[in-house]
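Each structure below is given as structure tokens.
The two complexes that follow have chain A in common; it is paired with chain B in the first and with chain C in the second.
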Partner chain A sequence: MYSIETIELSRTFKRNKGRLIYALRDVNIKVRKGEIFGLLGPNGAGKTTLIRILATLLLPTSGKAYVLGYDVVGEANKVREVINVVSGGERSGYGIMTVKENLWYFTQLYGLSRRDGWRKVRELIELLGMEDFADIRLNRLSTGMIQKYNLARGLINDPKVLFLDEPTLGLDVEVAKYIRRLIRKLIKEDPERTIFLTTHYMAEAEELCDRIAIIHKGRIVALGSPEQLKKMICDELVYKLEVKGIYSKLGERLKEAGFSKAVSSKSDITTGLTSLRMVLSSEEEAEEVVKWLIGSGYKVISISKVEPSLEDVFLKLVGGKLSEE
Partner chain B sequence: MDVIKIARRAYAISWLSWLELSNWTNPLIFTIYVLIRPLFTLLLYAYIYVAFAISSGYSNPASAFYMVTGISFYNYIGSGIYGVAWVIHEEREHYRLLKYNYLAVPDLMFYLTSRGLIHYLIGLALSLVTLPIGLWLVSYDLSSLQVNLPLILINLILGYLWCTSLGIMVSAISLFSAEWGPLIAESTGGLLFLVGSVLFPAQSLPWWMQPLVNAIPMREWMELTRFALNPQYPIRADFLLQMEVIKTSLYLLCSFVFFKIMDKLVRMKGYLEATTEH
Partner chain C sequence: MRSRITLLLKVAYARAYVRIKGGNREPSWVVWEILLPLLAVASVAYTYMILGAPREYIGFVVIGGAMISYWFNVIWGMGNALYWEKETGNLETFMITPAPLEGLLLGMALGGMFNTTLRALSIVLVGTMAFKASFNPSGLPAAFLIFVLTMVALYSLGMCIASIFLMYSRSGWRAAEVLQEPIMFLSGLYYPISIFPTLIQLLASSIPLTIGMDGIRRSLLLGYNLYDLRFHVISLSVMIPVLAYLAKRMLRYMELRAKVEGRLTLRWM
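So, the complex of A and B:
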């Protein structure tokens, strides 16, 4: 039995004038127990919609979805008993109550006894290192502290499947690192637990996930381990170019010139340079690109071949960077 | 069924409800805040009655009793219905926690029912405080009161059940609207005031409103409360009690079915977490 299984899962929304928008289209995924499964995609790709369906907050338009064998539509109550959801950038508690009070409140909703509830609260405060702010109201906490609390709340019922929706969104580097360490620890402590994580941080997905699905416009466009995904572009070459000047549309211009569908560009006003990352089929094509750039009046500062990353896989499949979407 | 677990959940939810109501100030200011509106409403009506009695030279103790008991005990229903019907809007729009509560409790109806409890208790306290003050203001002979405590208790429980059921149905509707939630909650309280024989007999309302009067058990509840305070109050208590029990049972059944349908529909539409984003 899979921890999560979706079969031809689709979800549409009606927009202006009855126009149908596909948030998810024929999604088929199978997530094994004990896996950290990542769903990678830009904003609006369908990541949160999939989590909402799996967490029983939204019904699918068609298709089936199961969590630990329970149908998310017909057995929603059973699904809710074994899952929990943590969303980045949200506050999943009452600002008028302290961290401790909020956690205790949720232990009671989940049916823990008074004694077990307080024991759980103490355990979670220790696990998340929240001793210093456990007695402070939530509305006085920083974003990082709130996200630690969010994670603690998500662990109250010892969920067998934990959905993490952009868990490091808006966090500073140190807190994000801490959260990632904790996610790994959660799986280590309970090998039966499954973590389903959505993110648009490529490095986070690569670092944490056993397998990754790339979602674009509601469709799963690739699925595999980070290594397997990188092999998808093993026959191709990834080049990094630097051009003097700020050209925000340079990537698009190169695409229009027919060089590659997989180009990302980024301008840095501090250095006055525009960096390009391109997935190309051969060295000759790279030479062609340089010729075209010089011929079009651009000053090429450097060109180098780089190791393919998950970012390049995404670039090739989707045609743009996550942040550009 | 694990009764202790249910009781613990209900306690925690009621505790939250109490904190949300009272967290902004100290107990004394909160008590004044809660009391001030019902007391001034009572004073307003009581002095209209007194002024009328003085200017016309005619007083009517039966009318005074009717008016004061209506205004006092409306606090119980008014506070309760608002306490239940307001929850969806408050949790979704203000605290943005509806989805987390939705996932944590086995049933959102149970959550709504428990959230209302503290509002009913406050409403009851207001009723018990305002009643003697009101009767004293209109110079009603307190010795004519003969409180039928069992009937009062039965009526309070029935009131809690049908009013909460109505609140759940109203909540089910407000699940679909982020903007109209507060209006729906407040209008329902106003509707109960209008059709519930609070200030005047509901029979005096126009004919086209009578189906609404008959559909809501508020009139029976109010009249039985008056009867439970004064057995001389001229009503057919047995008949009204039967009607209230039947209507309450129907309300319980309807609210359960209606909420389940709306719960499914709202998840189908994707509105469970919808906010106005203002």
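So, the complex of A and C:
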């Protein structure tokens, strides 16, 4: 039995004048127990829609979805007993109540006795190192503290499947690192537990996930381990170029000029440079790009061949960087 | 089944705890919950006193003022609450747990009733002391029974309203507004509904608040006993299962529609 299984799962939304928008289109994934499974995709790709369906908050338009063998439509209550969801930037809870009181409230939603509820709250406060702000009202917490609280809330029922939707979004480096460490610890402590993670950060996905699915416009366009995904571009070359000046549309211009569709550009006003990352088929094609740039009046500062990363796989499959979409 | 009921009661207790503790943590609640509502009652009481109305009318107004605060709590405190739960993201977090939605609403009702009872008691207390309203203590048992039945019926109606907010969010406000002024008018808040034509009296009698308020007034002001008020008790007892059934069906239906249309977690609407 899989931890999560979707079969031809689709979800549409009606927009203006009855126009149908496909948020998910024939999604088939199988997530094994004990896996950290990553779902990568730009904004609007369908990541949150998929999590909402799996968390029983939304019904699919067609197809099937199962969590630990339970049908998310017909056995929603059973699914709810074994899952939990934590979203980055979420502020659920009651601002006027303290962290402790809020956590205790959530223990009651899972039917814990009053005593067991308070015991669980103490355990979670210790696990997440929240002793310093456990008695502070929720509306007075910093973003980092809030995210620790959110994670504590997500662990209240000791979920067998934990959905983490952009869990490090907007956090400073130290807190984000702490949360990644915790995610690994959660799997280590309970090998039966599954973590389904969505993230914008490629490095985070590469560091944490056993397998990754890339979703674009509601479709799964690639699925595999980070190494398998990187092999998808093993026959190709990845180049990094630096051009003097700020050109926000340079990537688009290169695509229009008929070069690789897998190109991303980023301008840095502090250095006055525009960086390009391109997936190309050969060294000759790289030379062509440089020639075209010079011929078009751009000043090429540097060009270097770099190791392919997950970012480049994404670039090749989707035609842009996650942040550009 | 038993564990489901236990869970419902736990959830209700926890939500009531949040409502009571959170709601009373800021001392400003005294102003909003007690002082301001007293002004409305005082203004009507003074009007009756200046007009030289019989003394019973003051008691009539005081009971009306106390009871209407429960109605406000039902439509704005309970129905509307699901809108705020949704906006703050709490509804989403709630809906991924196995906790029944009825438990959340029951908790809101109980928590809201606690705060509203403080408000209602202060109205009765001030009405008795400042406006010399007098009540008949022998009518207390009958008044208490009718009060309890009225509350169960009213909060069942509140669950129906909550289901509208669950689906339509802010648009649900219109439904709540539609229920506010007409019910204040029809329930006989500051006057006996006997002044209405028979047809309107019949319509007004289909509102639990009207029957409850009338029964409590008759018991506390005129000394009616339970036997005298048997029709009030029967009417409310019939309304309760009907409204409770309707509330459950509406909640289930609206939850399903909201999940189909993707409105369950949709904010800013």
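Just so it is clear, the second predicted complex is superposed on the first by the 325 of 325 C-alpha atoms of A that agree within 3 Å, B and C clash if a C-alpha of one lies under 4 Å from a C-alpha of the other, contacts with A are read in each partner's own complex, and residues count from 1 in each chain.
Please note the rule applied: a contact is a pair of C-beta atoms (placed from the backbone, for glycine too) under 8 Å apart; a residue touches a chain by one contact, two chains touch by 3 or more.
Only a predicted model underlies this, so the values are computations on that prediction, with no experimental measurement involved.
After superposition on chain A, the partners chain B and chain C collide with one another.
With both structures placed on the common chain, the touch criterion links A:Thr194 to neither chain B nor chain C. Using the contact criterion defined above for the overlaid structures, shared-chain residue A:Ser3 touches neither chain B nor chain C, since it reaches no partner. When the two complexes are overlaid on their common chain A, residue A:Leu57 makes contact with chain B and with chain C alike. Overlap of the chain B and chain C contact sets on chain A: residues 13, 52, 55-59, 77, 80, 83-85, 90-94, 96-97, 104-106, 108-111, 153, 157. Taken in their complex, chain C has these residues touching chain A: 3, 6-7, 10-11, 13-15, 17-18, 21-22, 25-26, 88-90, 92-99, 256, 259-260, 262, 264-265. Of all residues in chain A, only 13, 52, 55-59, 77, 80, 83-85, 90-97, 104-106, 108-111, 113-114, 153, 157 touch chain B in the complex they form.
Against chain C, in their complex, chain A makes its touches with residues 13, 52, 55-59, 77, 80-81, 83-85, 90-94, 96-97, 101, 104-106, 108-112, 153, 157. Touching chain A in their complex are the following residues of chain B: 2, 5, 8-9, 11-13, 15-16, 19-20, 23, 95-97, 99-106, 264, 267-268, 270, 272-273.
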